[in-house]
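One chain, chain A, appears in both complexes that follow, with chain B as partner in the first and chain C in the second.
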Partner chain A sequence: MSRGRAMAALPPPRSTWDAINPLRMLGELSETRYWMYLLLLPSALLITAIVLFPTVYGFQLSFTEMRLNRPAGNGAFVGLKHYQRMLADPIFWLSLRNTAVWVTFSIVIEFVVGLVAALALNRNLPGGKILAVLILVPYFLPNVVAGNMWALMLDSRVGVVNDILVNIGLLDSYKAWFADPNTAMATAIFVEAWHSFPFFTLLIMAGLKGIPADLYKAADIDGAGAFAQLRLITLPMLRTIIAAAVILRVIGLVNSPDLLLILTQGGPGRSTQVLSLYAFQNAYSDFNFGYAGALSVVMFVLLMLFAWAYIRLSKVNQD
Partner chain B sequence: MTAKFDRRSVLKLGGGMLAASALLPHQAFAQQTAINYWHTFTSQSEAAGLQAVLDLFKAAHPDVAVTPENIPNPEFMAKITAAVVGGSRPNVTMVASERFEDLLAMGALSDMTDRIAGWERRADFDDKRFASITKDGKTYGVPGFTFVDWGYYRKDWFDEAGLAAPTTYDEFRDAAIKLTDASKGRFGFGLRGGPGGQNFVVNVIEAFGSPVKKEDGSIGLDRDIVIKALDWYAGLLVKDKAVPPSAANDGFQQVISGFQTGQTAMIWHHTGSYQDIASKLKPGVEFGTFAMPAGPATRVARLAYAYNCITNDENADAAWEWIKFWGEPDAAVAFLEKTGYMPASTVAAQDERIVGNPMYKAAADTLGFGIPQPSFPGAAGWAQNTVLPALQQILIGQATPDQAADQIIEGLAAAIA
Partner chain C sequence: MAQTRTGSNLIWNIVSYAVLIVLALLSIGPLLWMLLTSFKVDDDIVTRTMVYFPTRFTLENYIKLWNQSGYPVLVINSLVTTTLTVAICLFTGTIASYAFSRFNFPGRTPLMLGYLVVRMFPAVLMIIPLFIVMRNLGLFDTSLGLAVAYTSFLLPLFVWMLKGFFDAAPKELESAARIDGSTRIGAMFRIVIPIARNGLVATCVFVAIAAWNEYLFALMLTSSTGSRTWPVGLQLMVGEFQLPWGMLAAGGIISILPVIVLFALVQRVMVAGITAGAVKG
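Let's turn to the complex of A and B:
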């Protein structure tokens, strides 16, 4: 090869503008493996800003002194002080126990009622479509509305529930449901279950539509009854949906204090005090965001542990 | 006939309309300054009272547009804290006196000392009215109206039993017991043991002789006195059975509806519920009002003020116009007539429409001896999260007065630590 031909094959030398032209640089970058990272960058920044930063800040808060009505010492690192206080705080342990009761019973009732409602609605009975809409109405109501509505209906003076129960002979006299520590939690769980069971109904109905009818026909031929079909076909086929619904509802129940805030504010005494309500009161009544942050971190860790254990035990990740 | 438009004409027309639409609203709104007002009014009568003041203000100040925003009491501190931390403060906020110290500490309030000093109606207000909103010589709000604690009693039942309105705790307890007939579902006293009931517990403790905040500024409680006070107050249910069994969960609505529907003979509240009660029972015939009775050591009736405070320095002049307006006698009386809340202005309180009404006599008397709520950082949280649950635990049999007193005292120590 002659020297002249070799010179002609080389690209022309770049001008200064070419060297710094951003469009050209982008073009060259788009042909490298780094291009995909550049495309992911906006999403990564968004996730960092919206998800990671508040979470990390919440963790940081739990190791910090942050009392808004005591600005002098705010921001100081206090190590595990809030967690040590928590271990010795009887209200924390009571709230933890009440949270377990609140979540367990609410979930069980919501799931059972939601499953029954979904199975009934899935039978395509006359009026089923209207019933399907009506059954979802409680879920559409904001917690504030549902809470105040039930507080009024269960009122011991003017509540229609007491009126009905006395008239049909189930009660001798009107009962103050939220003033008795033996009934306050149970009544609150009833209201919560009434409000949220349609969530299970909705998801389970969607899951039922995806189960092939052939499976039930084959089971019929094999002589399987309704209960056997439920146990051997329906529930296993719904396992993934049920797992997702349970985890979402548990997260909602553990984190959201609003219904109890309206119905009982944790009372009477502290018989309906749960962790989310306790954290809320610490933050917005006592303005102790450090301790409230530590309570929130404990709730976060408990929820993570629950989700991990539940997914493992239900073997849903093996489907 | 069909009109023909070419592209150029359509563009010209569109451009002209766009320019006009950009200019017209600008001219229309340029003269108005918009401010928002966070308040905690919830009842119908309160909403009507606020609307009456808004209407008068609109006529007097067409240049200021006030947008009221209702923040219910249970959510108030959460919302205002979030607004302060998040930088989205309202222009004007209604601040109850017991919340002042907490809001000041978090930097929510603007110093209004100079504006108030130069206000032409400053002399209409007694200096005491500003005591609960002043710290280190700086004043952060103007009292909009007064919460005057008093009691309501069923006058017809009292007359029937030959009883007079109680003036002491002993008379009060005797009347409550005598007027109780559980078989008829009738109780002597509608004790507020649910949300909002905490302040009455503190009042009773102070009436028994243990002020939470002493004159020298120190904070603390006498255990023996707290036990006696709790024993007496919770004893109205636990021992005397003169209170509805629902007391541990009874908040404002329950206590008021219990009185309105003939379940209870007496309740404690403030003058703000007067119109609500008068809408169901006939004043002076079916119900009367009484000044809070005297306790064994002293007479405690609260004069709490709802202060209007500048919480955002933007449009502060317009905010100040709105705050000042609440001090006008016409606005104060219009608000009183719709709600029952007494004016904060001494001059407005002398209005014939108030002093000429015998149903307001108990409130007028209380203005003479009433005292403000104890105020210190953490006071509201302590009362709500410690005092109230402690009372409830006695009411439902989960604690003795001794145990509840210990909780209250330990909670107070933690709140001020």
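Let's turn to the complex of A and C:
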């Protein structure tokens, strides 16, 4: 037995080509115990270089003076200066409030519409597959196209939505939806919800497939109606997936200013100014990288707190 | 009792159809309107009374866009950036995803969580340092620099989504190949990757669509026509031309055409992959 193993461990005779054949060397390397680490190395190095390093650098920037348009004093350590300025900055507080409105209303609408669509699609009606594809399309559209498309349709002079609303008598005259501080945020939230509700539909549909049909049969026998089944079976069974979807969507909504940048640039009168947009404008228009960095650090910390609290809460509810 | 069951089932089916048809119209309607607008002459777009169907069907907007706005260059830049992004993800992400799917090793769970958590980092927080780093490395305003920046949020997504497809590929064939004397790397390239190829294609398409659509990084990290992508160029037209609705619509249609085609081709596998990744995440 031990003789046999010793025989097998003898290296086979090698030609010179064999000794330098890269394929053979890779093959042998793949048999070592470090193989999986080697497989992970390229992506881990890349992520370290382009995610972790910039993030640490970004934190550091938030404590330094960095204005590309004013080279004097760049890179100097200024301690908490940017954070102190933030506390006294009314635009920061306004942006924070707007972010809360933007995220809360978008999430609620996207979740409700996404859930309703998923429940309807889950009945597997004839033609449902085609309807599902049509409903998922907005999610794959670029922000630039989705934003400008709605800007065209909501335009105060050529907007077709205005025309339809006037024709059915809901509006007296064409309205400049994005120019009125009272409607700009609500309209932007509508466009955002239109763009992203399919995300919830997608995830909830996947979750619905995992709920055993027996549960509903049992509920039917017990005489539970459709809404009772939704409340007592569907939603509890979907809890994990809903939590994951909400967290991912909140991250997206807090972090990406794209759609508002295209639709309103934060206006009119800062009525749609949100934190991510404010940070981006500080960096892109004013080249004030230090302050922009501090704003994004605050955003990051708030997101982390939210994710932690949300996960804690949904775990508490589970027990 | 059976009577009421069928009755309520029928009602819910009707309600479901109503909901789905309204939502599908809402989803597709704006796209159709943009398509119609792209075929309209300016007089049909800016009018006193709304013109729903073009009085004169024209390709003017497409021709103007293609010849006057430098759109072909933007599209080529986007193609280059998207290809580079997919290539980087493919080369570094596939093997990482395979390692997560097939091996148990110390540090696996924290590493996988790490790949998930990086998605939480605010784009703005990374854009600023990336801007400085790219400028120092000479990668600012290049397609390669932009593609590398895209990798920061698309590579983790790629790894997680592909892992779902690798997990679904049966392990038995791989074991059989190993017993027949294949090395681990041989089994990976000759057995597992071919089995998971549909998933691999779908994952690549998902990453390609995201890179093709991206706006914010492109706005910050490009400054000239040498690397500017189409979303940035299209948005710049809003300021550059007077009332460019027809051209904007034409640009929108041209740019989303590849997205729609790719989505239609792989939507079934891709949807399964997105949801699988998210469910486990």
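Here is the rule we go by: the second predicted complex is superposed on the first by the 265 of 319 C-alpha atoms of A that agree within 3 Å, B and C clash if a C-alpha of one lies under 4 Å from a C-alpha of the other, contacts with A are read in each partner's own complex, and residues count from 1 in each chain.
Note that contacts are C-beta pairs under 8 Å (C-beta built on N, C-alpha and C of every residue); 3 or more make two chains touch, one makes a residue touch a chain.
These numbers were taken from a predicted model, which means no experiment stands behind them.
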item	value
Room on chain A for both chain B and chain C (clash or fit)	clash
Chain B versus chain C as contact partner of A:157, first or second or both or neither	both
Partner chain(s) touched by A:18 [first = chain B, second = chain C, both, neither]	neither
Partner chain in contact with A:70 - chain B first, chain C second, else both or neither	first
Partner chain in contact with A:133 - chain B first, chain C second, else both or neither	second
Larger contact residue set on chain A - chain B or chain C	C
Contacts of A:178 with chain B and chain C, given as first, second, both or neither	first
Touched partner set for A:286, first chain B, second chain C, both or neither	first
First, second, both or neither for A:261, with chain B first and chain C second	both
Stretch of chain B, among 8-16, 26-34, 80-88 or 314-322, that runs into chain C once the two complexes are superposed	80-88
Where chain A meets both chain C and chain B, residue numbers	155, 157-158, 261-262, 280, 283-284
Contact set on chain A toward chain B in their complex	68-71, 155-158, 173-174, 176, 178-181, 184, 261-262, 264-271, 280-281, 283-287
Residue ranges of chain B in contact with chain A within the complex	74, 77-78, 81, 85, 101-102, 105-107, 185, 193-195, 244-250, 254, 257-258, 261, 263, 377-378, 380-382, 384-385, 388-389, 392-393, 395-396, 398-399, 415
Complex interface listing, chain A residues touching chain C	26-31, 35-37, 39-40, 42-44, 46-47, 50-55, 57-58, 61, 113, 116-117, 119-121, 123, 125, 128, 131, 133-138, 140-146, 148-150, 152-153, 155, 157-158, 160, 163, 194, 198, 202-203, 205-207, 210, 220, 226, 241, 244-245, 248, 251, 254-258, 261-262, 276, 279-280, 283-284, 289, 292-293, 295-297, 299-300, 303-304, 307
Residue numbers on chain C that touch chain A, as the complex places them	5, 8, 12-13, 15-17, 19-21, 23-24, 26-28, 30-31, 33-34, 37, 45-47, 50, 52, 88, 91-93, 95-96, 98-100, 102-103, 105, 111, 114-115, 118-133, 148-149, 151-152, 155-156, 159, 183-186, 188, 209, 212-213, 215-216, 219-220, 231, 234-235, 238, 245, 248-249, 252, 255-256, 259-260, 263-264, 267, 271, 274-276, 278-279, 281
